[in-house]
């Protein structure tokens, strides 16, 4: 169902819109993020990316992630929004920890 | 009615004047911002933009948003002002999270 | 009466001297700043401006505001001084939010 | 008496030595600094100035104030010293708010 | 068993993925990290490294560590994730203290 | 006695080694530092200076003070060490407020 | 015994590995660090140095200290590790205060 959602948010600056992926079972090769961690990391799919961080010399640096990437992020840094009943998180790129490789 | 208001505020630096949009019903394709979030995001229309952020090399960087844009912003960062009975928020661009695409 | 005061303060750096404008009634087109806001913004007239912010490369950037401008500012950042029985506020330009356009 | 004191302190960096001026009566054109303000500003005479702030590129920027200037400063930022029974304050230039024009 | 795990996380920026090494016995030439230290350091193996820290001039600086390095790190700075039943830590390079030489 | 001490400490970076001067009596032209001040300043003799502060461009800036200078410093910033029964303070140059001129 | 330890830690960035020197008796010319100081300084021998601090322009600045130097350091900034029964401290160069000259 999530795949049918047309994203209507364009993040600003170094921000990304991420669709969280809830994952409770440890499957072979899957990543399980501990529910008890103090600073709970979370997995999600990048839905949209901003134009990049603005450097002090006036250049913009494109983000390291792109639409479709599965990322691990520190949940505390994001802001939750809801689009058509699905929840998304808007995060700064510096709150993204890693990309899950395919 | 809001459309008839002639904006009389010119924001300074990287600030914008935003007219908040209250939205309580989930319509098809609409964005519902959760009322329970700790750091409640909000939707609004950009009414006026500043001349941009001043870089350390003396250049000004124009804002990424323009008048008329619908934006999602973190409410805590803004300052509320009232013009002709309508409430507006003056925000720094870094407190704007995303633009709602048309 | 305020118009007869000859300003005797020259602000330093990126500071400005502002004469606060108290405004309790909502007039047509007037701006009413809510008295209940946590971080109460205030309106005032710029009486004098400093030589500008010093950049890391040694240049000074002139302020965006000039004498006579009516500005909205965040009150908490300023320091109050009294000249000939009138109260003024000395503020850094970054505590000025917007200019009221004529 | 204060005029007879030969200053023996050379401030370092962007610091200045200021001789505070106590002023309790509102004279015509005089500046009265409210005694009740939370962050009490104070008036004083600049007695000596440092060589200036060091920029990241290695240059020194001369201070905006000079010996003899009457300045308004935020008291909290300074360090009090006593020379020949007179009290002085050593302040960073950024704690000086404005110069009283003659 | 850990050796058979194919790493599926690509760290972002100056981050690394580290597999912690638990070591309770003091062996000849081994390093024992005191369990009682307030800010407990920990030993681990670098499993994957990010593309490097982004400088203000737009360049990326490759990390000083590489896959396979045994590092000592300050535990508090990392975020724990679990892959196939093994626990990993995602850390910023600045939280790595030293490399154990072979 | 202090004059016979051969300094054995070479300060690092922008640090200096200072030998505190205790001074309880107000002599003619002498400086008395109030004992009751919250952030007690102190007088001392510079015994050794570091190689200077490292700028972001890689240059080192020599200190403004030299061996033998009598300085006023904010005591809180320093670290006390004892050499041959005499107490010294190691301070960063930014904790030195002024030089006492001869 | 300490002399026989082959150091197996290579510090990262501007860090150093220091072997603390406990010194309780005041010998002629020796330095005694007061045990009662709030922020207790400590003496130690530099065992290994990192590749240096990374400047914003991408250069690395070699450390001011080298292996074998006896240094005074602020204890609070370091992380303790144990190698073959001896305790070491990993410190950032900015936590080193001075070098003891021979």
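Structural remarks
We call the chains A, B, C, D, E, F and G, going by the order they appear; numbering starts again at 1 in every chain.
Following the convention adopted for this analysis, a contact is a pair of C-beta atoms (placed from the backbone, for glycine too) under 8 Å apart; a residue touches a chain by one contact, two chains touch by 3 or more.
Which protein is which chain? UniProt says A, B, C, D, E, F, G = Co-chaperonin GroES.
Keep in mind that what you see is a predicted model, and the values were worked out from it rather than measured.
Taking the mean of the C-alpha atoms as each chain's centre, chain F (Co-chaperonin GroES) and chain G (Co-chaperonin GroES) sit 23 Å apart.
Taking each chain's centre as the average of its CA atoms, chain B (Co-chaperonin GroES) and chain D (Co-chaperonin GroES) sit 41 Å apart. Counting partner chains per residue, chain F (Co-chaperonin GroES) has residues 56-57 touching two or more of them.
Chain-to-chain contact here is organised cyclically: the chains close a single ring, every chain touching exactly two others.
Round the ring, the chains follow in the order A, E, G, F, D, C, B when counting starts at chain A (Co-chaperonin GroES) and proceeds to chain E (Co-chaperonin GroES).
Per the touch definition, chain A (Co-chaperonin GroES) reaches chain E (Co-chaperonin GroES) in the complex via residues 26, 28-34, 37, 39, 41, 53, 55-57, 59, 61, 64-65, 71-72, 74, 93-94, 96-101. Against chain G (Co-chaperonin GroES), in their complex, chain F (Co-chaperonin GroES) makes its touches with residues 6-13, 15, 17, 48, 50-51, 54, 56-58, 79-85, 87, 90.
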